[in-house]
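Presented sequentially are two complexes of chain A, the first with chain B as partner and the second with chain C.
After this line comes the complex of A and B, so read on.
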């Protein structure tokens, strides 16, 4: 198990390296000159542009610039925002907690709903409850989270002091207000994931319930709850863990929309702004941080996977 | 964002699911299945409607989608006869905008899918087919791209290309191409393992030809399904990106742009996001339905299983047969008129076990013998109340030590399972839960039924494992099932079944999955334990050698009925039923028989073809007019010797010496069927 874990950790490094190459490479394709952007395109003279290019290090060859960036990144320096000159790492430190909290909330909601509905659906396979839940899941999968987000604002934005639907203005929010403000976005984000989890957990459970060892568990005279929650669920959890890996990535992508709609100062909002304004260092950092998050979550899931599946462990 | 890549990845097909696709008959079957799927057809109809709406948008839309009808005074109107979906914040007709938005949604979606296929398919096929360093490098890059959420990767590409709907959808297509590469590569690797590729190569086909003519058709089903689901995801992501301002511009008519406008005035009018949202929702729903329908149509029939065990009921109608048999005095188990029916998909039901009656005395081993499909295993499950859900079990009585089990609810029945009746199943490795240790699983009945503490149960488990001959039992307690060999795993199953010292042990093909040498050991173990605990055993097997070796009495099952029963020596030496004769005659030749019995032509027919009259008559060489006249009851004498043959008294049938059969078993198992 330990050996497996070490191998996984080691495998992360080349993966993230490749992500950085992809992100940096994409940035090179951009026809817009960052120096001109910085100066505001119309008025700048050629000398100013040249000076700006020099300052931004744009006159170096691509490989040199990449290596410089990589050297900084390894030491925790991702460069500065082109416009504000704010260090990117500090922006991440401010914004990441919001996005992560929203994701965690959405994951908790969707996994809870998915487990409940998925197990129920599997146990009632083919009956009315199952059919209703299956239809519900199909509907949920077709509902975009950003639309649910808009609907929730329109329902809750007016006359609602309990839960703010739009991110409250001001810099220093109290922790309770901060958390409260994330409830509605988390629900909107988690809705589609709930539907997806329900489907996947249903099919995982149905597959497991057909196994011989479930018959053995019943033949031993175990009560139904033990058969379901001990013998079936731990085995069904193996494919479910894989699905969680996919969902975390989807949820992270979904935060972008919700952050824009609810005006939440998280990573997604920052990334969209950077893309619209050609703020390349921020775009690269945005991609890197997203990939790192996904990779770390999957590493954690690998550990759980090993715990669930003794064959992997030994 | 809903689930673009995820929906795609999780619903991609495995080789197994795809099964027998390809070829004309497969295509026909596929079409028929798809057309019968109402949900998918509804989805397909809606998609068709969208195409029509998109094509004839100018004819359908009552207004120009970009020109306000009456300036700002006409803004924020509610739906009316004039404006079916109302107007937006600048007075534009929402219905017309939804109609025109269909165009952009479909074109954008198709663009992304087309890009993903054009880029992903050749790369995926090539790297899968040729392998090598190009394959490794490509897959690492794919992994890197996929590590970033779809939306965010698309954003990074848009940052490079600049915003605009075409560039945005190109970006999305580029990300989705990774999914296509993975899918195509996996399918090619699967196809390469199949023989037909080798065959084509042996026939001298070029790599290119093999790839496009032989492999692609096999990859096609999965690709079609995947493309449909990606189309749905692309339509969603188009709206999302346009909402962010990275896709369609505000001058274009897109559902995403409509949602963007709606979001800017959401505090003034709650109705704004509804028209575009519903259009988007229905489109994605319809495309997903088509995708799921295609997948189901390509896949083999999936067997839906659920965890439900019906309780045993008494028959509603009193059948004439049941009253005939009184239990033998002192019997531990007495089963009367056990019948199991399953509903047929085409309607009606079919009885797979019919009027099964038998007794087992304390300490007796009764062998239930029959070919697969004869209903012997279902009989065992019925005794335990474990017939899977759509099955219905009736019996006029099932008594265990004087207690009638018929009609007991799950809660009562479960206290009998594992405590009074222990079970050993056929496949020991599959019957043990891979996720828990052996010690945990064997101690479960002790803790559940006897209320032992964790520690006491653990100590007792060690004793039990030693009893069934597991070396170093204490040390192997915390091992998992995959660390046990088949023979050892079966010993564990036996230990588990014996944990509460049951009165009856049901052993369903306990040795079938094991090596010949291990078979003998396990049988000896069962015999020894019977002597030690004095329990009765219901031994279910198709192996006559095993029966001859250990059983006291035999009951032969054919097509859901017990057709002959009696003391073992009688059944072997002087069978009364032609089917038994057929089995016996095959025995002493000491040859391995696979498939059909040499002495009986044909195979056991499926349950829905069983006649009302003698079930064996169609294959019986002694069959006469009388045999096809009506149902044949089980005729039983006082010694428990019985048969279901109307001509029993006029026939002289050949048998074998059971000792001879037992000897034959040691050399090689005698298969009743394959």
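After this line comes the complex of A and C, so read on.
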């Protein structure tokens, strides 16, 4: 198991290096000049633009700039926002907890709903409950998370004022307000994932519940709860864990829309704004964060695979 | 079966417990919209008198976030971020006229000189005093800043003369009839002379004299700015709230939701289509009768869009604009669909221009054919969330003649800069309708801001404009009517509709808001919150 873990960790390093090269390279072909955008006027003189480019280090050769960036990045310095000069690491510190909490909330919601509905659907396979849940899951998959978010905002915030309609401004939010503000985005983001989990868990559980050892366990008189949670669910978990890996990427993408409609100062809103403004240090940082997050989640899932299935440990 | 039922019941218990926890979490805190609801009820029992001392928090929104907190480094549209902390020389009233603010009066001593009399009781937040020397330093600073979006306003200034500590003469190379009005916007916002002398970078260190002082510790870059009441303000009669918090909310639905949920008190740049239902729910609306929405054709030289170099193509586009349809689709039918540059009700409206252009697709097709583009062409236009519907309508209007409008998403805060940088052949324009001179200088004058491709197609109008600018407004009206007609016939700025920007005020907001300026939000001056 330790060997597996070490191998996976070692494999992350070249992967992230490759991502950084691609991210940096793609950013170089963007025709928008950050120096011109910074000066913000056609009437800026060429001398001013040149000075800004010099100040931003844009006149250095691309390879040199990449090496400078890489040198800073390995020491934890990702540079500064072109427009506000805010250190990017500081921005990440402020924004990442919100986005990660939103994703964690969405995963919690989706796994809870998915497990409940998926198991129920499998137990009732072919019956009315199963069909209703299957239709519900299809609808859930079809509805975009931002639409669900708008409906939830309308119902829970605008009409009933139970929850905030936008992320509250300010930097000293109380923990309770912070958590309360996460409910709508987590529910909206988790809805589609719930549907996905429901379908996956139903499918996996139906397959496992038809196995001989389940029949044997039931014939021995084991309670259904024990059969499901101890014997069936663990063996059905491998495909479910795989779906979790996919969902993390999907959820990260979904945060972008929800952060806009809920005015959340998270990573998604930040990344999209940076792309539109060609705020290159932020764009690269955003890509690296997204890549690192996905890689770490997959590393975690690899460990889980190993725990679930001893055959992959070797 | 009994086992399964027990299992289901346990699962339900789990879900129900989660829901109860969420509900408990959602009802225990004092910071949510739910508490604001209570405040709304309380407010109805309050008197309509402002508090004796600044009290409460006024929460405002802004659709755009400024690139800099230096007023000379950002556009008037984002003025809401600046008015709390900076004072302007004049203040624009609801009728679009300049009123005294830091300047107590002004007049033209000759056609090329504006003389301003100044207040003598104004102190900047850094403790330095305001006087004529500070005005001189500010105007010279803006003029020296070639990267300022206000370069065109100060470009004609030749000299700023300090007559005495409270009198300053601003001399121009050409007459500037709208200059006192311009001084109510960002170009007229006065920065402390001490800060100017020190060469301070004002991007995140403002140095104004306004009714509220920027609070760095409570502000969050790119999210919200917080300002606290200035205890030494010269005009304390209009500072009623202790704190102003402005939050950047780009999405229009999010802004409306925040207002309805009680999370903000003033929403800028609202949807006019929401006016009726929000007012029926007790919210107030304010319309800014100062805007025309139009298409500006910038690349009249064909530098990046060769088709637009042909005047026939530009005229064809002008005959494709369905103003009535646009207002119906985008503004619920509100607004004026006249073809002129100023709508009825504005001093500069000319009824003879009302129908100078009208929808005529066949005529447009003929013109395009004559120009050699019988199948039309594709043109790109920059957009962001707030413009998508408007530019979508434009795309539909031009489509019947084969002109395909490709709407490209850009970050909202940089579109104006990109226009000036010549990145777009056509664009969405929102000229204010206060004075024809300003409008002409910005959108039609070949030396203006929106001529990045250096077209020379209005050079012959310069003499007439100068003549009109040197006259008093009443005398100049017939000349401005002629200039308007000629400008329209050159198909540079094509009105899609004359509308007002609209802002909404929460149920607890009291006082008469200061409108004015080009920004789509009332100022915080004169407002207070009942019950908070």
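Please note the rule applied: the second predicted complex is superposed on the first by the 307 of 314 C-alpha atoms of A that agree within 3 Å, B and C clash if a C-alpha of one lies under 4 Å from a C-alpha of the other, contacts with A are read in each partner's own complex, and residues count from 1 in each chain.
Here, a residue touches a chain if its C-beta (ideal position, glycine included) is under 8 Å from a C-beta of that chain, and two chains touch if they have at least 3 such contacts.
Everything numeric here is computed off the predicted structure, so don't read it as measured data.
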Worksheet item: Between chain B and chain C, positioned on chain A by superposition, is the outcome a clash or a fit?
Response: clash
Discussion item. Which partner chains sit in contact with A:100 here, chain B, chain C, both or neither? Use first/second/both/neither.
Written reply: neither
Discussion item. With both complexes superposed on chain A, which partner does A:84 reach: first (chain B), second (chain C), both or neither?
Written reply: second
Worksheet item: So, does A:235 touch the first partner chain B, the second partner chain C, both, or neither?
Response: first
Practice prompt. Classify the contacts of A:4 with the two partner chains as first (chain B alone), second (chain C alone), both, or neither.
Written response: neither
Worksheet item: Which of the two partners, first being chain B and second being chain C, lies in contact with A:70: first, second, both, or neither?
Response: neither
Worksheet item: Which partner does A:287 contact after superposing on A: first (chain B), second (chain C), both, neither?
Response: first
Discussion item. Touch test for A:299: chain B only (first), chain C only (second), both, or neither?
Written reply: neither
Worksheet item: So, A:123: does it touch chain B (first), chain C (second), both, or neither?
Response: both
Worksheet item: Once the shared chain is lined up, is A:219 touching chain B (first), chain C (second), both, or neither of them?
Response: first
Worksheet item: In the superposed view, which residues of chain A touch chain B and also chain C?
Response: 123, 150, 153-154, 157-158, 223-224, 228, 260-261, 276
Worksheet item: Which bits of chain B are touching chain A when the two form their complex?
Response: 1-7, 9-10, 140-141, 143-153, 155-163, 232, 236, 239-240, 243-246, 259, 262-263, 266-267, 269-274, 277, 280-282, 284-285, 288-289, 292, 303-309, 381, 384, 386, 410, 414-419, 423, 425, 427, 430-436, 444-445, 448-449, 480, 482-483, 493, 496
Discussion item. Which residues of chain A touch chain B once you look at their complex with the stated criterion?
Written reply: 14-15, 18-19, 21-23, 26-32, 122-126, 138-139, 141-147, 150-151, 153-155, 157-158, 192-193, 196, 200, 206, 209-224, 226-228, 230-232, 234-235, 243, 246-247, 249-250, 252-254, 256-257, 260-261, 271-272, 274-276, 278, 280, 283, 286-287, 290-291, 294-295, 308-311, 314
Worksheet entry | Parts of chain A lying in touch with chain C, wherever the complex brings them together | 36-37, 39-45, 48, 83-86, 94, 112-113, 116, 119-120, 123, 150, 153-154, 157-158, 161-166, 168-171, 173-174, 176-177, 179-180, 183, 223-225, 228, 260-263, 265, 270, 273, 276-277
Worksheet, complete the sentence: Within their complex, chain C touches chain A through residues 3-4, 6-8, 10-11, 14-15, 18, 22, 25-29, 31-34, 36-37, 59, 67, 73-74, 146-149, 151, 203-204, 218, 220-224, 226, 245, 247, 249-251, 253-254, 257-258, 260-264, 384-385, 409-411, 413-414, 417-418, 420-422, 452
